[in-house]
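Both complexes below contain chain A, partnered by chain B and then by chain C.
For the complex of A and B:
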């Protein structure tokens, strides 16, 4: 049984490895370092996605994704925040409609989406709750692979964060 | 015919919240009343482009800011007006013309050759309502109105070119800062492919070479049509090189895909046959105002309160916990009913403070506290809205201080406090006090009117009488909490509203009492003396309580209200009471009590910390109750204040009115306790005489 948790130093080194892959692929991730303390370094990227909220024409929204280290759960954690073309932020309800309109209310996904204060920026952000992440990482992540990559590949698609297949190839070639 | 005309993908403005944050900051700290136009910059990307966006963020106001990676600079101006009137009344046609003429001036000079990003042009007309966090704005992408371009053939993808490999290699070699506008010379016969800057290729253009030119630009359009900025590019080329008129021109919209390939870049072959003299600026018309969300030509407005107003931020966060509860556990939970319910708290002591905080936790917003007391030294440790400093100051009134604290905790709450004494039966009002008492009565009645729920949280039985009567007369929900040393009673008073609909179910082993038949604090006490819980403990004068008792009671009081508000019949909801005295049967029948959204809805909760037990008695209205019976309500309705004053004069009057012969004077039977008993700071100041007691617990 592989343990699905990461230490802070694991997180940092795998985040840097992930950043390196992203730079090779021109995928636009950056590493934000507030200072050297745990957990003040996180991965970040911005994407334009089409809101899944039907009813109106699908509109473009801008989403900022952060992969932050969760000190309490010792796993990567996905924070994100979306805004519309006029600059207004999507609240929890709007986020739900934009990203997961098809998921049922009692589904795992529904249970996972929450809002909490960003552990580095101290502003409210949407987040996917990390309570099951270590199980998931233990299940998917082989020791040789980058667990941040695994984490984003598993959790990202729920919130329209899809990584190119090239990441998988790149990590295998390494 | 129209099929052969090249169409363009219009620019869509895309504003990052930080653009507004920075605008507000600059307006307040720097620009103040100046509304002079200011240069700003925007950016667009041709890397995995979505839509056809021109983006602005906080860096727009920084003249030396570099565009983000894979993005190109756009040159703009912001006209931020001081008032909404100036914003509305500004002549939009003139502004567009002025912007367009400035663009043409750049084209005719050498400036565009040196800095082609001048072709990616925009401006913003705005008004920032900083108080309301509302931003009115309208983007324009100025462009001279010229004749349509004839499209010679369908757009061709770069990867379908015969010399694709060489072209792709050359394109990829262009440094990113030069990718916005450049020229690719691709001579297939000579197998020569090279990239040239606009100034190198267009100054003294060689027409034979120009046949092999691809006029390249970073194309932020994801659609089949090229981005709007190509219009300015074409206008500029024809202005710079009039000999290109009537010739086939190849435009290459450079587009990168997810894998950073240029394969899907598009090539349009176009001809401009009709000359348009852009040098006679005064004759040129311009287009470019962005339509709003309804596809009408008009401005947009965005409220940024959610992200910029700290009070709104707090409010949203408070609501969030409740929303999560609703989502996760109780989809039927009616949060709106809670947010709209207005609560009036009689007493701002231990119970009052705790109830108020619990109300905030549940998302109640309207909370008013009535109390006549000051914060004393002994209060802060138990009364959780006060601090030692409040007592040291010596003149802080509880009700107003509590309201201030509630607002500090949640700025979006509507919290008020009034310093008022609650007149009590048997406490004679002297001549001197008559006017003050009348004023107090008027204020109390007004407040009762203006609220939906009354919480009775005072420190004496007598002080509960008036709010009980007023609650009954005005058909309010009344929640009552009273404490003993290690016991508590929390109850909802029976309703005086007309009953409609469901009469409740008869269930074996259970007594069912409809909401309008339930008793009040006073009928209960008289009619149920023999209760197993020795409820007399509540009636005896207790001066101290175990600290947990008030928190427990306050929590039950608020939870009882919430459960009641979620019940379809609200205060008319029936209460059930297990009749059997056998414990086992009691447990069985209790299990059969119908549940609402939040479980059962008892009439009262009586608990003892001594054995950690609660019982849930339900009792009926007493027809001779001194507070809620018909004679009392009828007298109040017909006589008003005169009736009340008679009752304050002597409690005997109430006994006579209701016909209770053995009614004991309320005055000598104070049930509740007062932990201010030890509060020396207050005891000495209490000059109000025997007619009042502090409204406290």
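For the complex of A and C:
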């Protein structure tokens, strides 16, 4: 059985590898280092996405995504913060409407996306819950080449963070 | 995929007919604890999306609504659900086939 968890050093080396791929493909990921301590290094990228909320006029929102190491779960965790074009922040309800309108009816909404403290910046961020992440990362027949890439490509699309197809090739011919 | 099902009685390696010429041949591999699909090779309309295939497998295996199908290429990369099969094939196709791995899991909770 493959274990889906990562150690802090695994996280760092795979995050650097992911960063290297992103530099080759030029899609703007950066690595933010606050200091050398665990878990103060994280991957970050900014995107402009269209709100999926069709109740209102479709608006463009700018989103900042962070991939941070979760010390308690020993897996990567996806944090993000979304702003409207006038600079106002989307609260948790608006974020649900903008990113996962199809899940609105579900009772387990609080198990997916809630607002919590960013572990490095200590500011409120939206976070995808990490409790199943290690199961999801462990389900391959063999070990994933880069679990950060697997993590982002599996969980990202739920919050409109889509990676280019070329990432799948880049990892093969690395 | 409806056409492929009709041809199911024959061999699994489908010979492309005129109608199938534009379609893309995909090979589905199960990983982890997911039930296997007996028929591994399917031909798919190139304009179908990844999420369409996920829904198809979900329905085919009669899975619970809380369980989700994940699709991978190269055992590492999960393509975006709105990606169309043609793009995926152009990027990851080998020997005229697109090899996809699938597994199921609960993503949340």
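Note that in this section the second predicted complex is superposed on the first by the 164 of 174 C-alpha atoms of A that agree within 3 Å, B and C clash if a C-alpha of one lies under 4 Å from a C-alpha of the other, contacts with A are read in each partner's own complex, and residues count from 1 in each chain.
As a working rule, a residue touches a chain if its C-beta (ideal position, glycine included) is under 8 Å from a C-beta of that chain, and two chains touch if they have at least 3 such contacts.
Fair warning: this is a prediction, and the values are worked out from it, not measured in the lab.
Aligning the two structures on chain A places chain B and chain C next to each other without any clash. Of the two partner chains, both chain B and chain C are touched by A:166. Once the two structures are superposed, chain B and chain C can be ranked by residues of chain A touched, with C on top.
Once the two complexes are overlaid on the shared chain, A:146 sits against chain C while remaining clear of chain B. After overlaying the two complexes on the shared chain, residue contacts for A:9 are found with neither chain B nor chain C. By the touch criterion stated above, A:72 is placed in contact with neither chain B nor chain C. Between the C-alpha centres of chain B and chain C, as seen from that of chain A in the superposed arrangement, lies an angle of 130 degrees, given as a multiple of 10.
Looking at the shared chain after the overlay, A:111 reaches both chain B and chain C. Contact with chain B, but none with chain C, is seen for A:60 once the two complexes are overlaid on the shared chain. After overlaying the two complexes on the shared chain, residue contacts for A:85 are found with chain B alone; chain C is out of touch. Our summary of the superposed model lists a minimum C-alpha distance of 10 Å between chain B and chain C. Note: residues 111, 166 of chain A belong to the chain B contact set and to the chain C contact set alike, using the contact criterion stated above. In the complex of the two chains, the chain A residues touching chain C come out as 108, 111-112, 129, 131-132, 135-136, 139-142, 144-146, 149-150, 153-158, 162-163, 165-169, 171-172.
The touching residues of chain B, counted against chain A in their complex, run 12-17, 19-20, 47, 50-51, 53, 69-70, 135, 256, 258-260, 300, 302-304, 306-307, 313, 316-317, 320, 323-324, 327-328, 331. Interface residues of chain A, counted against chain B in their complex, comprise 25-26, 28, 48-50, 60, 62, 83, 85-89, 91-93, 105, 110-111, 114-115, 124, 164, 166.
For chain C in complex with chain A, the residues that touch the partner chain are 31-33, 70, 72-83, 87-88, 91-92, 101, 103, 105-109.
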